[in-house]
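After this come two complexes, each holding chain A, first together with chain B and then together with chain C.
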Partner chain A sequence: MTHTTPTADTGTFTVLARREMVHYAKHPLFLVGLALTVLVCAMGPDKNSSSQFHVIVPGAALGVLGLLVMISLVRRSDRAFEAAGTVVLPERTRTLALASATVVPFTAGIAFFGWAIWAYHDQPPLPSTMPFGDVGDTWAYAIMFALGTLSTVGGPVLGLVVARWLPFRGAGILVAVALVLVTIVMQGLVEPLRFVRVFMPWTYFGGPLGVEGDPERWVIMTGSPVWYCLYVVALCLVGVLLAVLHDREQARTPVLRALAVAVAVALVLGVLTMTQGVQATMVNPLPGPPL
Partner chain B sequence: MNAHARLRGVTKSYGSTVALHPTDLDLHPGVTGLLGPNGAGKSTLLRLLATSLTPSAGSIDVAGHAVTGTLPERTEARRRLGYLPQEVGFPRRMTAFGFLDYVAVLKEWTDTDARHAEVRRVLGLVDLAELGSKRISALSGGQRRRLAIAQALMGSPILVVLDEPTTGLDPEQRASLRAMLSEQARTSAVLLATHQTEDVAALCDRVIVLDSGRVRFDGRVPDLVAMASGQVWVGPQANDAAVVSWRTGTGAVRSVGGVPRPGSHGADPAVEDAYLLMRATVHNEQGVIR
Partner chain C sequence: MFEHAARSVPWGLVATAAALVTVLLRVVEEWPYQMWPLQGIAVGLVAGVAASAFDEPAAAVVDTLPRSLRWRTVARSAAVVLLLGWWLLSVWWTRTAYFGHAEAVAWQGCVAALAATAYVTWLRDRGRATPAAAVSPAVVGVTISLALARPLDESVPLFPYTAGGPWASSQLLWSTVGVLALVTLTWVLVPDARIKSPCRGRPLSAPGSR
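And now, the complex of A and B:
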């Protein structure tokens, strides 16, 4: 009998990452989310606002469910690791491979983005909805990308953090419910929170929030969706670094430094989101269409 | 001959509790049995060797690579060892093949053909070749145990550390495992912790008895058995003075230690007899019982 010791090479991570991508793509919850997204998109854009509010579909079906998918994948990887007792690849490599599996929902998110832009042009939103005034199409695209596409990565990354740091059963459901509840509160419905709502990982930038005398009037809230895109990307980076930090066997100082930088960048981008773009709530001069 | 694994002054403490007192060991090719009661420190010793625990003091080398050294050294050691933990929680939705294939990737088998060939080889070794496509949740306890053993044997590691590998296996499977391990032990150091003294008798050429975190015996199996020579009797009456006695299936009473009862005659000792005597001696020294 001969000892066979495979030698480490740069391909190890690629092989593992590819494996995790396949696991993600085959996960029943992801497939359900994907089917839901495809189904809603197939029903066509909204007659008033076109595809702008469809962002909630990938946000919920690929983002929030993605949180649970990722927790399931992390648990599966950890169980395989525990069953083996000892393996060569460290937890950090496994975490990064799992993070790279977000390519799968991101691809779906990109496909959604393509559909949303096509639908936006094929059946444009009514002038009485949004965007309006000085706010143009780039504003709408940025929202579609941040809330529709980036949320498909943000949810799974949050799942990665939860799985690494909250290893108890039910943590995923708990965080998912808390996330949805806080997100509902922070949608700009509450006037005093409108300015700071952009620090949430998912928030609206406008909608039929109404004004006095016209409860269906469309408004655009403060903040810059373009900066918000970068802010959400920075949050995803913070999440990956937090998950990577969990591995106590590897040197943690470089990760802590990178995390500090990422948090600082995210804060700056959050402040820029808040202070750039629309600086006062804009009210559409046209009466809102019936909902 | 260089040892495949070497421990020098290794200790492990959990707070004020010492799980393993300073221990020196060299492990060479062959099967070494590790006997001891629950809580003796067997799993601690195995986990230290498998790099899943860090010793409080001392050094551990596997194939010349310091487990207790830098991370790259520890990684080199990990490339050369296979480990079966005592309790295994599987990813139950994976198939047997999928699980081994995944673990193989974690063990750096990057070439798909070579990896799949190795997975098929170890599945065959544990007689699970036909069940590769079956989900782990659908496997029996014994089949899962064999699956766990299969991952430990992947790549024919230089050091194989097995924590109670025969738990849940039927006699046929145990015999099959013994054959496989004895073959593996021609080139590997195999260390197995067990409560099954018959496995030690049938398979091991060396036995270590651990009790209260200390090595009480380290030597050949016949030498351990010889320690009970002249202290095992079979007779018609119960023997209260013995370390342990029990009525066997034939109706005769087998007693170990103490003094023989009238009408009893000497019997050939087994590993279990020697182990029980040694346990009694340890307890006498510690004043725990008797």
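And now, the complex of A and C:
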């Protein structure tokens, strides 16, 4: 028995990827998230910590909303190809085209990064906040890039995985809420979890967590944000491979091998994030500014 | 009516969301200052899931049957009533979390669910079979963004924070949304509440099915 599977050439893939990018850019939820990010940036940096905590805005408005945008685009793509009657393109090609659409939020994330760097220098953070001591500007830039820019790709990639593997109704909203719940708990508030919190796809590296006698004292937590950037990139790669793996019509062994390698690399990078950089919670010697 | 609700509502989603809502509020109770965004997210989740109770994937069929949209909406509302009952119980159970404003938080969830119900019912009336497929993620996603980023905290106090927050203006805001939602729902579901135009309405409705 012969088994034929549809294939796609590079030209078809390029056309499809471009179309998905346009769909992403025109999606109402992406536009809402973009508007929210622009609005918060237009309101200017914080008087104490400058732009360092603005990373939450693209993280939520382009990352979490991006998760939901991507699920919507996957459903739309599946509906269109079901309506075509015959499968003219394999699911894998469509998945990769959808993954390419993350270029759109990533571009917005890069623009945010540019603004954050500019604001950081235009209105620098107070010495009583962060960074302080031996920790310098590179540390702050890496955090802005990981949490403010890479999150705009990580959210949609997670959406791609959810759409492919959890096709039930409401999966997107449940995953989005659960993701925020777990992420917010793993921000270093629970001291025994501080060391391993860097395995989360989004986590702070410092803030006004307080110390005994000064509840507003700023601290820097353990971990290396530079290695964390690479770890998040590896997580995104794992996500794309997981989504691609869903296509049972195509050969899965090469994808499984690539996935195993990507998971191993992500684990190594996660361990490096945890064991490099700051290795004990640093407390700012200056009292924290009033919030 | 109960049989219709039992068969048509996505109970698995409603039950999972209800459990998640309780977890969210319990975490807020543990660390109210740090985890406060979860309170707003819980409100958004209640609204988003309430909306999904009114999707009718088989609208092309059921819109032609004698059971009107009003009858079906009332039947499906059982899910929203149960969800809100669970919401009120959860808020009461975690009542120490809300800086003395547990009633205001409870009110937010009720109004958000009512507003979502009114909006998707209006869209159903306009002929959209599964409006919650778009509305539900939008409500939850935008609420998550607003609760985390808090962009217009002072001018639009959706989810006030700490005992000194603008709770009074927030309650006024939510009450206004509640009244608007109630008017919309009445306008859509009560036949005498509006003058029907022959050009609008659900294209698949059988004559006299409302």
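We take it that the second predicted complex is superposed on the first by the 282 of 291 C-alpha atoms of A that agree within 3 Å, B and C clash if a C-alpha of one lies under 4 Å from a C-alpha of the other, contacts with A are read in each partner's own complex, and residues count from 1 in each chain.
Note that contacts are C-beta pairs under 8 Å (C-beta built on N, C-alpha and C of every residue); 3 or more make two chains touch, one makes a residue touch a chain.
Note that the coordinates shown come from a computational prediction; the quantities given were computed from them, not determined experimentally.
By the document's definition of touching, of the two partners only chain C reaches A:R169; chain B does not. In the superposition on chain A, A:R257 contacts neither chain B nor chain C.
When the shared chain is aligned, no partner comes close enough to touch A:H121: not chain B, not chain C. When both complexes are overlaid on chain A, the residue A:T12 reaches chain B alone and has no touch with chain C. When both complexes are overlaid on chain A, the residue A:M43 reaches chain C alone and has no touch with chain B.
Once the two complexes are overlaid on the shared chain, A:L65 sits against chain C while remaining clear of chain B.
With the contact threshold set out at the top, residues 75 of chain A are in contact with chain B in one structure and with chain C in the other.
Here chain A touches chain C in the complex through residues 28-29, 32-33, 36, 39-40, 43, 56-57, 59-61, 64-65, 67-68, 71-72, 75, 168-170, 172-174, 176-178, 180-181, 184-185, 187, 189, going by the rule given at the top.
Within the complex formed with chain A, the chain B residues making contact are 47, 50-52, 71, 75, 78-81, 83-85, 88-91, 93-94, 99, 102-103, 105-111, 114, 118, 148, 151-152, 155-158, 161, 183-184, 186-188. By the touch criterion given at the top, residues 1-9, 11-12, 15-16, 19, 75-77, 79-90, 94, 249-250 of chain A touch chain B in their complex. Note for the complex: chain C touches chain A at residues 10, 12-13, 16-17, 20, 23-24, 27, 31, 34-35, 37-38, 41, 45, 48-49, 52, 133-134, 136-138, 140-142, 144-146, 148-149, 151-152.
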